[in-house]
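Shown below is the structure under consideration.
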Amino acid sequence: MSGSAFGTIFRLATFGESHGPGVGGVVDGCPSGIPLDEAMIQAELDRRKPGQGPASTARKEKDLVRILSGVFEGRTTGTPIGFLIENTDQRSRDYSKIKDIYRPGHADMPYDAKYGFRDYRGGGRASGRETAARVAGGAVALALLAQEGIQVFAYTLELGGIPARPLDVEAAQDKPFGSPDVNTVPLWEERVREVKSRGDSIGGVVEIKAVGVPAGLGEPVFDKLDARLAYALMSIGAVKAVEIGAGAIASRLTGGENNDRMTPRGFASNNAGGVLGGVSNGQEVIARIHVKPIPSIALEQQTVTSSGEPAVLSVGGRHDVSAIPRINPVAKAMVALTLADFLLMQRRMQSGS
Amino acid sequence: MSGSAFGTIFRLATFGESHGPGVGGVVDGCPSGIPLDEAMIQAELDRRKPGQGPASTARKEKDLVRILSGVFEGRTTGTPIGFLIENTDQRSRDYSKIKDIYRPGHADMPYDAKYGFRDYRGGGRASGRETAARVAGGAVALALLAQEGIQVFAYTLELGGIPARPLDVEAAQDKPFGSPDVNTVPLWEERVREVKSRGDSIGGVVEIKAVGVPAGLGEPVFDKLDARLAYALMSIGAVKAVEIGAGAIASRLTGGENNDRMTPRGFASNNAGGVLGGVSNGQEVIARIHVKPIPSIALEQQTVTSSGEPAVLSVGGRHDVSAIPRINPVAKAMVALTLADFLLMQRRMQSGS
Amino acid sequence: MSGSAFGTIFRLATFGESHGPGVGGVVDGCPSGIPLDEAMIQAELDRRKPGQGPASTARKEKDLVRILSGVFEGRTTGTPIGFLIENTDQRSRDYSKIKDIYRPGHADMPYDAKYGFRDYRGGGRASGRETAARVAGGAVALALLAQEGIQVFAYTLELGGIPARPLDVEAAQDKPFGSPDVNTVPLWEERVREVKSRGDSIGGVVEIKAVGVPAGLGEPVFDKLDARLAYALMSIGAVKAVEIGAGAIASRLTGGENNDRMTPRGFASNNAGGVLGGVSNGQEVIARIHVKPIPSIALEQQTVTSSGEPAVLSVGGRHDVSAIPRINPVAKAMVALTLADFLLMQRRMQSGS
Amino acid sequence: MSGSAFGTIFRLATFGESHGPGVGGVVDGCPSGIPLDEAMIQAELDRRKPGQGPASTARKEKDLVRILSGVFEGRTTGTPIGFLIENTDQRSRDYSKIKDIYRPGHADMPYDAKYGFRDYRGGGRASGRETAARVAGGAVALALLAQEGIQVFAYTLELGGIPARPLDVEAAQDKPFGSPDVNTVPLWEERVREVKSRGDSIGGVVEIKAVGVPAGLGEPVFDKLDARLAYALMSIGAVKAVEIGAGAIASRLTGGENNDRMTPRGFASNNAGGVLGGVSNGQEVIARIHVKPIPSIALEQQTVTSSGEPAVLSVGGRHDVSAIPRINPVAKAMVALTLADFLLMQRRMQSGS
């Protein structure tokens, strides 16, 4: 529980703040011989970068990744894969105004309580900036999964209360708002414009689907596949709820309605979301995350200073209106990291395999 | 990721199946000097035992816990606390009929895919029986938390689609169905009777609240307090969704609505559920779990055998109609284990503390 | 670092003190389908039990192991294997005399500094009694290794300064003193008698050899095979030095002397002890431990009480003259646990394997 | 057991090969508020750099460290400390000759067996180059220990069979060969010259001493302080034996000779090396490592190619004659990392502390 590492066998350790030299990480435990290069990681990072649409800030981070070790002649060597993404867009400016004001919805206050000392120039490790390292590490996991025929997709199911139908989930990651339904895009654009004009922000719902997952992944009792997915996804800053398969609605079904019947041709439904008893059952693995609205808003908010004095805050500057769709490749990365870890774990669970 | 252990510093490892000699575990990392005896553990176990009301089976497990180590003269010694709960209600019977039939909603099929070999007499580690060891380990965590002024409550918010108001959450654990609202009890009793008569089952929603949690618990980035709570709670067999604070509904609020304003007298609301940036903020920590209906039902269900032949199954015998309220002390235990781990972790995060 | 668990994938957690109800443990991560029963574990435990020869106490512990989970129809199921060895030889007696006296060479003083509270009736977790759980867990590892054609032998190379030749290392575990050389036995018997008559104790050297270990086990950089072996072996109470292959003497050789030449028929020597760069090279894996004399002696020793007053102590009662040979099966168990963990780890390190 | 990470609470993860862009790492779990800057890390790195005396190669690596995160205004923030040491001395040259030849005493062969694929340009993770990241991470640990009044010293006790007396252990790290005895230096210089002229190499013995260690550090049963020290030190490439306190010689003493008597003024001796029952007792913590001779020698050696054909190898180029004294700051770093981890662990083991 060092806090900044994820996974047991396939393990990602990350570092870096929004206002330091850069963010990066180390992937340890990746098998040798997996095709990998910087372009494969960069492609995922590009899906996370700002300026991806009307919901995003105009801030231009280049987010160029550099692999520092563990890859030779286009393949992994089995040794740790170090990588670095330098921060390039660091304007020097005056932080004296915000230094002592606790921003509502942010980690300023609990971080002070925890560390007694804080880099006041940004959110530090609570900044969304750290997710770049997740995406880079996740890209390594995706490369491993691809070798096994496993693919992961993340797509937006709802933005600011307006739903989309999951029509084309595979293409969604390169569509506006990560939408699987082109007809929804104009509605979402309108919603974003309206919220932005009021200086407010919105949240939404993202679904992640993994296809090609073999039966048998996940470890009883505590390290169930769904438990680790919930852990992975809830660790993303803005996520307030995680569902697996039918999710919350399952609590209102009867056993007869919720049980997925089995037939000689396979399961007749997938309320389980591909997981039974914490172990994958060969169906698509499905999770959903509920994303809160961005807490940094231009609207004036009542708050306090670090010494407890009342204050009023209006957060200016370049802020996204929603964490969606930039959070989508992050969620995809976290699911990929989880599956890669279980895939390697499972390779040793049957005698003689 | 050995699978059957939870926690980093305060760590519980469990073992045991439904049809073996017993279930038990080891708590390692508990500080010395904490008052603890078998009665304290037994009290929690008694809340989990069957026959707790109309939703429960008549099966009478005694579930008597025996402490095997780590306690001397009524206090913990700082060494591992081993404990054992012997299985006493093991009737020998004929398993040949169910041996090869995959029960819908159960782990039979993925366990076979995982292990290639299975104790067909019960759910093995996927059986709810394993949760007795969670509750026993959680009782040790609760003893530690009590020393620090932290209490944890679990109460039923919804059963079979019928909601309850959180009127008296502290007393709920010893009320029928774990209900915080006595007026709801007759409605739930009626719902359970009706479902039982049809041979079906129901799910529900349980909320867990921790009071007295100091600000500063939780480790950025991956080991956020909410991430570990989601991990802990989703690892309970029947849970399909986990929410923190406002949870899923936060995705439909704007930033202006969702942000908890801060005042010199504290936070003005608790949409965050006591966690900001993954670290506790001193408010009540609140989580909700959505529990699926029990998959073992008397209704005839279409399924297959392990060799893929179609089959029809009606699960007879002694089965609960709902995992609620027996799941409530399990959820309480998992939250306690999570908090105990973070509490010990935090003791070393400020220089000079 | 919960302290009482060892291993990452194949993981043993233990509990139990010398003066409590018993010692036991949980093996998590053992693959399914491995032949295992209580007799296999008992055979190893019997090699550790007291009264094994002139160097041992007359105390008769039965040390009967009971498997509590994880085994079905004579094979492992892949779920945690819980086991318990009840303490049967607990005479009630008066501890008031030793309660406050720090025994030289024992953990009494540092345990008080660590925990501030201690079960004064025995060594607690610092008692050799805890090694019974290591041996039982190690027996499970040995069962796994046997499936892969790996065997582990431990034999005494020196006792009280008198060396033995490694003539028959395979049979040694069932010979007096664990000796690989029958001619040495009378010399050791004489040495033990003499030391015993003076109320003193002796140490010695034990070598552990693993044959059939495939090349490729061990993880760079920190989790080298030799590093984990040193960790495993130094964790046994009485061990003060660990050597691999040529060991300490290698520091006095030149590179030309120490390097093991390679030929088309294999290595020409084994100074490396079967490990190069932390990874097994296919040769026999060889480690040696240097065991200190038993600190509990009848000779009068100068010491202090817990309040710092001078005191004189003569430890009466039933104490071994040497930790050898009872330590031999413990060392064997620790090597087996280490190899089992690496064996499972390695199953996933080559893509496509 | 991801392999390239060390520690549980205070945890170092490293990456990097000898022939890639650089080596680096992440320290996670360092408390906030510890004074730290690049100069403090650089000072330790400079003690490890080549060209430190007659035993070293003339190769000039600059080994300049750059802190990438976790430090703000000269103090640690409690978040991960990322660092990078770029490789600057990478001459491009022809590797075709050594590509397929297994170097005796090196990891080439077992790495091929393990990964099936290898960066043939150098030792990869088995290269001594990785130890730069250990030293940098260890410098962070040393900064933490300094806050608690703990210091760590490493000094050479023997080189090529010629011993030194431990006269001035504190100054030794900045003396030729890391010698604690200036009179020994000319003898060692002569020995090195002679060995170098023959194209051979030598090993030696290094002792590490930690002063100011409070009683109570170390976790029974498996994570004993001495066990973790043995793990830490044996993980350094060239180490073949580890001793604690009296070490190997303790096996030839009687209990009466080996036990450290206790007096009202403290222990009368320190055969234990500061550790009893795996827990520090307040005395100096003392360990010794036995270092094998450098395997890369100019002497012609018999070996094989990767396809098993006989070959003859003479390793030219810039190689040290001994791993000493460059290994000394590495050993110091590993002891510091181990102590830092236990120090933080201990902060939570007494109730109310």
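The chains carry the letters A, B, C and D, assigned in the order they are written, with residues numbered from 1 in each.
Just so we're on the same page, contacts are C-beta pairs under 8 Å (C-beta built on N, C-alpha and C of every residue); 3 or more make two chains touch, one makes a residue touch a chain.
None of these values were measured; they are calculated from a predicted model.
S.K.: Could you figure out which pair among A-D, B-D or C-D mirrors the B-C interface, over half of its contact pairs being identical by residue number?
M.R.: A-D
S.K.: Where are there more C-beta contacts: A-D or A-B?
M.R.: When the contacts at A-D and A-B are counted, A-B has more.
S.K.: Could you grab the centroid distance between subunit A and subunit C? Build each centroid from C-alpha atoms only and quote it in angstrom.
M.R.: About 45 Å separates the centre of subunit A from that of subunit C.
S.K.: When the centre of a chain is set as the mean of its C-alpha atoms, what distance in Å lies between subunit A and subunit D?
M.R.: Centre separation, subunit A to subunit D: 38 Å.
S.K.: Calculate how many whole Å lie between the centre of subunit A and the centre of subunit B, each centre taken as the average of the chain's C-alpha atoms.
M.R.: 26
S.K.: Among the residues of subunit A, which are close enough to touch at least two other chains?
M.R.: 1-5, 7-9, 14, 32-33, 78-79, 114-116, 124-125, 220, 345, 349-350, in rising order.
S.K.: Subunit D touches which residues of subunit A in the complex?
M.R.: 1-5, 7-9, 11, 13-17, 20-26, 28-29, 32-33, 66-70, 72, 75, 77-82, 84, 114-119, 124-125
S.K.: Could you list, by residue number, the parts of subunit D that touch subunit C in their complex?
M.R.: Where subunit D meets subunit C, its residues are 1-9, 14, 102, 104-107, 109-111, 113-116, 123-126, 130, 158, 160-161, 195, 200-205, 214-224, 226-235, 237, 240-264, 268, 272-273, 275-282, 290-297, 299, 301-304, 308-310, 341, 345-346, 349-350.
S.K.: In the complex of these two chains, what residues of subunit B are touching subunit D?
M.R.: 8-9, 31-34, 76, 78-79, 147, 220, 344-345, 347-353
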